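Listed next: structures, encoded as structure tokens.
Each of the next two complexes has chain A plus one more chain, namely chain B in the first and chain C in the second.
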Partner chain A sequence: MRWITAILLVVVLHGCKKLEVDIGSLNTNPFDNDHTGAQFIRVDSVKCFPLGQGALHQQRLYIGLDPQLTAENDFELRLIELTVPDTTVYSNIADGATSVVLLNQQVTLGTEYCYLIDLKVGGGYLRNHRLNHCAVAEL
Partner chain B sequence: MKRVVVLLILGFPCLSTFAQKGEVQLNVSPQRGMEYILDGRERLTNRALVLPAGDHRFTFWAPDRRILDTTLTIIADTSIAFYKTLAPTAAYLSFQRDLKRVKHQRFYYRAVPLLATVVGGVFTLNAMKQNNETYDALQAAEDEYASFRDPGVIATHKTTVLPRLQEEHDAANTQLRTTMAITSVAALATIWGFIKAARVEEPTYEDKERLRFEGLVWLPGPRGGSLQAGIMYRFHG
Partner chain C sequence: MTIRPLHFLVTLVMPLVAAAQNTGTLRLLVDPGHNFEFVLDKQYRMQQREVKLGEGLHHFAFWAPERMIVDTNVFVIADRTTDFVLKLPYSPEYMQYRQELAKYETKRRVARTIPTVATVAGLFWTGVNVVKYQKVRQDLEKDQENYDINVDPGSIRTLKDQTIPQHNEDLRSARTGLYTSISFTAVAAGVTYFLYRRSARWERPTLNDKQKVLFEGLTWVPTRNGGFFHAGITIPLAR
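Up next is the complex of A and B:
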């Protein structure tokens, strides 16, 4: 009788199992906009180069890419230059690339340029991976 | 001529004795256990009798039946059939009613909660199945979250899919707990019902007509018969 009661109790407790998913704190996926971990992209460096013989210069932003991002995803980067302003989308990034160079074609030396760099994976931009970076154009 | 007259006078009693007997067939229901006392003297069970013509007193009795005291007139050289159904005694009818009531009472004490337990058990099993299914679906959706690579899909998953599955699981779990509670109550009621049914007191019955019927009567037998006295004692179990 005691065994039957024990077995019934186990069955009942097992049958009554309840799962509570805390959706609010679900943010472990790095592709989730609520993810708070390390970013997929980073600004490694910003350099300025002269364009031909004139006074025109080009500012290059060297963006490092997380291997987790490039391993199996189609993604694109959007560079928003806030000073002019201007927007450029970089979509054809080679598979497995560990870095990418974003360009601001015309800069004036001594001027500070601010950029927003957005990462788009699949159907949406990852707000939490947005970079906000400012750099003075200098050789 | 004188001899003939003498023979007639001597033979008349013999002739008249033969001529004045008749037969009676007793078809008294119920046949099982039916007994009768003939002319207040002999206690018999046989269904056919040859008796001298004239009135004979029969006292019929069968278990749980009322005594029927009647006089049958036997007609010489004639076979008559007597049909009668002995009516049950009022005490027996009352006992039967009480017994039926007790049986019904026991049946309801046992059957109603047992039925509720069985039905509740079926509902509980069904609810358990649903709870497990929704649990697994929610668990799978939670695991699936980690595999997504599209922020849009993840957003939809978190705002639509997971809340819906959680809601379904919560509803199934609530239903399961409710059915389990009801089934538990029904199971307890079943135990109580069986105990209660076992404690329902059965009515007792004493066949008083039998006591009336019993008495000192002459029971004929092959060696001349014997005096019979009857006594009845009901053992209560």
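Up next is the complex of A and C:
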């Protein structure tokens, strides 16, 4: 009788432990859309360069890449230009690259251009790594 | 003066007459065979398998524990060994006692066996549920590990939206099953304990051997050193 009681007590205590995984607090993986930590991509700088002899200029966005991103996966970047709506996808990014340059081919000096920069890894875009950046085109 | 020679003559002749009386041997083949007793000629209580008796009709009252008394007359033939075969029937009290004892033992066996089997089954069931619970726990631990190392957002989404919730549900279900089996086992163990204690106090039927009381009336028991009177007395102690 005593050993039965002991066995049952042990089993009850064993079963009492809260072992369900709390999905709400599951956000430590940077590839998780719910991740709240540092982003894989960042805007290091934005510069403008003249295109030939005319008034046309090119705006370059220098995007820094987290080494963890380039080490783990194939990925692509999508540049969505909001001021003059346009979308460009950058998929052939060299393995191990630490930065990438995104281009807006035609800008007018003195005008502010706003961009959304998305990171796509595997089958979907990582919403939490989206960058929203605006910059005035100037030399 | 005339009586004295006659008395002397009788004293001298009687042993010779007695010695000259013809005797026969009676071999008693009585079922149950090992522990029967008998009263010979309503006087002598004996317990042996062979008797030498004078020729003629003799009365026997046979008895053995749990059996009926059987009264019978046997004619002993001189200079011959005769087999006397008798099966003592069981007494009604003993038959009733056997029935009550069987009923008592069946009741006690049922009262002890069923909850014991239920307890063992409960323990087995609990064991199965513990294994099931452990497996779901391991699945969740694997899910957690998978989450930590996964680099595919699509897989992570599937993990968080489908796999982990399903395993969480499985864990809750396994826990409910585990608690149910534990409760069942605890109740069964309690009932087993209670019924063992209770059935231990149940009064076991006893044999009231009335035939023995009848048989053990006042009788003379001959022995090598003389013999003694044997008297039986019954004091009913049960209220």
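What we mean here is this: the second predicted complex is superposed on the first by the 121 of 139 C-alpha atoms of A that agree within 3 Å, B and C clash if a C-alpha of one lies under 4 Å from a C-alpha of the other, contacts with A are read in each partner's own complex, and residues count from 1 in each chain.
Everything below uses one rule, namely that a residue touches a chain if its C-beta (ideal position, glycine included) is under 8 Å from a C-beta of that chain, and two chains touch if they have at least 3 such contacts.
What you see is a predicted model, and the numbers here were worked out from it, not measured in a lab.
Participant: Pick one for A:A55: touches chain B only (first), chain C only (second), both, or neither.
Facilitator: In the superposed model, A:A55 contacts neither chain B nor chain C.
Participant: Between chain B (first) and chain C (second), which, if any, makes contact with A:L126: first, second, both or neither?
Facilitator: Once the two structures are laid over each other on A, A:L126 reaches both partners.
Participant: State whether A:L26 touches chain B only (first), chain C only (second), both chains, or neither.
Facilitator: In the superposed model, A:L26 contacts both chain B and chain C.
Participant: Which holds for A:I7: it touches chain B only (first), chain C only (second), both, or neither?
Facilitator: Touch partner of A:I7: chain C, not chain B.
Participant: Determine where on chain A the residues touched by chain B overlap those touched by chain C, and list them.
Facilitator: After superposing on chain A, chain A residues 12, 15, 19-21, 23, 26, 28-29, 31-34, 72-73, 121-124, 126 contact both chain B and chain C.
Participant: Would you pull the chain C residues touching chain A in the complex into a rising list?
Facilitator: Listed in rising order, the residues are 119, 123, 126, 130, 133, 137, 140, 143-144, 147-148, 150-157, 160, 164-165, 167-168, 171-172, 175, 178-179, 182, 185-186, 189, 193.
Participant: Within the complex, which stretch of chain B touches chain A?
Facilitator: Chain B reaches chain A through residues 124, 128, 131-132, 135, 138-139, 141-142, 145-146, 148-155, 158, 162-163, 166, 169, 173, 176-177, 180.
Participant: Would you mind writing out the residues of chain A in touch with chain B in their complex?
Facilitator: Counting only chain A, the residues touching chain B are 12, 15-21, 23, 26, 28-29, 31-34, 72-73, 121-126.
Participant: Please give the residue numbers of chain A that touch chain C in the complex, ascending.
Facilitator: Within the complex, chain A contacts chain C at residues 1, 4-5, 7-8, 11-12, 14-15, 19-21, 23, 26, 28-29, 31-34, 72-73, 121-124, 126.
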